[in-house]
């Protein structure tokens, strides 16, 4: 609204309100914005982050039959960011016919959360109807992170032998064919909302490539490892998921590949996220302008 | 408006006439979770009875779960089983084999020591509780040398990157590397307490250190905001799409 | 005659259950007697006594850090890296293992203290009919429910693994309701509340009042924009190479994170590490008031 | 069982390949701290430390609570077990409880961990005893809440809002829940003082609290409050360690710089091979991982 049209007294009160808005109004606006955009999202353009693109390019450059090890330890509490990353990663690997094995840490329930997701994606067009036990394996839940990681590095087969699918140990399935050491895996991808990645930095041998998909919070402490070359790439937060999805779209445009599903929560969450953050920036700017105005008119103490 | 949404009778039918037994009715289960979620969100307006109810449910469940975890992840596998051991069992067609565990009966001696902690409630023998507590904190203290060496020395060594723009070091890299080390030193100098900062220079660096620290904090703030908003958006998706089905699912 | 050759561990068969239980009971009794003796020490010896427990506990780990580790060739052939100092009846590493295991049990049992505290507060509220007593009922009720269902599911799983017939599914379903549909959802909901609080906190704190507040705000906003596609589109026009590329918002973000933020945070971290180390030393030497030393 | 069933191939793994230098550094830091303590004990009062802002406000905050007859909230962090951080937090709280006991201000000390709760209980009891007002001590004012992060946060938020706390002190390990507590306390207009060892949470405390202790000001706090020679001494020792690390950083800077401009010699390449960090073929200059001090911390031992 334009202040010039308002009488002196009212203008002041307007700035005073802006200076100290009751937080509940902010909350209400946030809820409204997010609700609308979650129900019917609008598509926002994307500029891929180089770090995420590096990881995507490396993985999409793999040959059919290559093996990738995935360590996924996200739970419901970081679902918003991690799930999108996870789905995009699985899609890419399935379309490239890359074998993968997943082990989870942190929460015994995770295998129950991710299995339906993977099976769902396997049904999609372009996923080469992947089967558990032939194309991919879920090594299940490992309570002790430290033991698990060093176990994988030292003797991958022994570490996951316990887990059985259709009566036989997963290491006897085609998934682990020709995989005797972790260095036979083309890459280890860690999808996490916690600092489990740090152990990998310490333990993993130079030969094995390491990729990371993490929450935005963790970007600060992990980007250095990308720069120093310890990570082939790093997908950060919902943006990272969105990057992966748009890169999938670039490689397999939906209009040319009917039935291909490239976009999920990454793009879905991007528009509400964008406008929520805009609200935050707007609120901050408003607060400062109001403060300046009050200072100017000497009402600020 | 989508079919199956909360505004259609189908939704309510599904909610109240479950296919199969009520525990398997996924909509009902989501509804339970959604109501609890709303209970916690009501705190945003003000503390109220609905929130208080949810809070107490939450704390009750959480504490209960800690007890369960204590039994099945600590006491049973780490104390009871090692103490009494397990006799070997061969595999049968439908049951996998159980390897034998030797009985280290000496674990029994641990129980009274742990129980000393409960003297904390006694006036006369309160000091006895300090023995188990002391052992725990002592073990923690002993680990710190190793922890310090493994965590911080690599960081310090990592700070030092070449600052001579020759070989593979580009001028830009050299400058950045110099900035890194200077930043590190200046910030660290802010955390020197016992030296009187009389000289203007020291005071300036210390102030500078505070400002650089704020850069670091600002960066954390920026990266964190994103994650937190996405979390809320995900919850909104859970409430509006998965529960009320107001939009198409992913 | 087997009774005579009792070792610290003995092979367990279905037969010797009572022997094992007896021995465990004996161990409990003996240590209880010893502790009773300790509880009788005159008050001026208590402080050094507790201090001794603390110091020895710490020393175990310090030795583990300092004693020379070695690569060894087992008689069986495989190599292994251990501390080659046998402490009867085990090797040092095995002793360490037991110590860790023991300390986990010890700190686990202390949770019971907390549960006692909860019970005391809420049962009192209940019996005295204090304000909000119905909520205490809710809390105690949900706690009891979780314990029953959680342990029930655990037992059901074990019985299933042991091949004992019966209906194990109901318990599992019940557990998935209280755990996945209630506890985890509550967790995620509380976590997501932070989005609102971060909004109001930023609105209040990000004012151009002081240099520090301004710096923090500026950096936070730049880093934030570095994550937003549309914001990146603003500077997408700039070249990806050369001097101007530094002003692409994502490069600016990365530069701040790498060149200023990371070292600054590492410096504060080092300070914290030193403080922690000093604390640990004071605790071990019994110089720290408040804990373990009266 | 007791007797050896193995051949020792190589001894002292953690000291091989310059590993002794790392251990020596750690020992040196320990020596600094012990020496500082020793000196400070010899001639007490010799040490002065710089002002730490937040701590001067403690009494003011408690006083404010007394006027309004609303409770003082204290949270000793979310340490997973009883560790030095929680102990330090409780040491600081002891002085807060002391002034609360004098003014007969109600307190709420909410714990996340059973062991920490036990110690907190003891300390609170002792303080009220030594202040000579044991009858003012309400056993239920020191509580265990929950050891699940967000259940704890929910309960603390509820307590803050219900009891309308006048002052809140957060000291110790805090994670994402920090802002939940701080904003709720801010809603009820409490004076807040925070100090956390998790520097990732410090910015949020800065945003929501009145006073924040940065980094290891948290550890300096008890020395600042108590002025005991032991604490001051270890603070001095830590300071000297910091200065030494600064010096070391500069030395390492030059060492690495000169290393980086000199192409790898054949001996060096062989040396790296032997040490288990092979050099990539066609590589002319050392990579960051081969810079001396960095390499020491990364070279595999055994």
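A few remarks follow.
Note that the chains take the letters A, B, C and D in the order they are written out, and that residue 1 is the start of every chain.
Convention: a residue touches a chain if its C-beta (ideal position, glycine included) is under 8 Å from a C-beta of that chain, and two chains touch if they have at least 3 such contacts.
On a predicted model such as this, the values are computed, not experimentally measured, just so you know.
Common neighbours of chain A and chain B under the contact definition above: C, D. When chain pairs are compared by contacting C-beta pairs, B-C ranks highest. For the pair chain A and chain D, the distance between C-alpha centroids works out to 31 Å.
Inter-chain spacing, taken between the CA centroids of chain B and chain D, is 17 Å. A separation of 9 Å divides the Cα centre of chain B from that of chain C.
Multi-chain contact residues of chain C, defined as those touching 2 or more other chains: 107, 110-115, 118, 179, 185-188, 190-191, 193-196, 198, 200, 202, 204, 206, 216-217, 221, 224, 227, 257-258, 261-262, 265, 268-271, 274, 276-277, 279-281, 283, 291. Multi-chain contact residues of chain A, defined as those touching 2 or more other chains: 23, 27, 30, 77, 79, 216-217, 219-220, 237, 239, 273, 276-277, 280. Shared interface positions of chain D, i.e. residues touching 2 or more other chains, are given as 23, 29-30, 81-82, 84, 87, 115, 118-119, 145, 147-148, 150-151, 154, 199-200, 203-204, 206-207, 214-216, 220, 235, 242, 245, 288.
Every residue of chain D that touches chain C in the complex is listed here, in rising order: 1-15, 23, 29-30, 33-34, 37, 81-82, 84-85, 87-88, 90-91, 94, 111, 113-115, 117-119, 123, 139-140, 143-145, 147-151, 153-154, 176-177, 179-180, 182-183, 186, 197, 199, 203-204, 206-208, 214-216, 218-220, 230-231, 234-235, 237-238, 241-242, 245, 302. Of all the residues in chain B, the ones that touch chain D in their complex are 40, 43, 46-47, 51-52, 54-55, 58-59, 61-63, 65-66, 117, 120-121, 126, 129-130, 133, 136-137, 140-141, 144-145, 148-149, 153-154, 156-164, 166-169, 181, 184-185, 188-197, 210, 213, 216-218, 220-221, 224. Partner chain A is touched in their complex by these residues of chain B: 44-45, 73, 219-220, 223-227, 229-237, 240-241, 246-247, 250. Of all the residues in chain D, the ones that touch chain A in their complex are 187, 200, 277, 288-289. Residues 24, 27, 30-31, 34-35, 38-40, 77-81, 83, 143, 215-217, 219-220, 237-239, 264-265, 268-269, 272-273, 276-277, 280 of chain A touch chain B in their complex.
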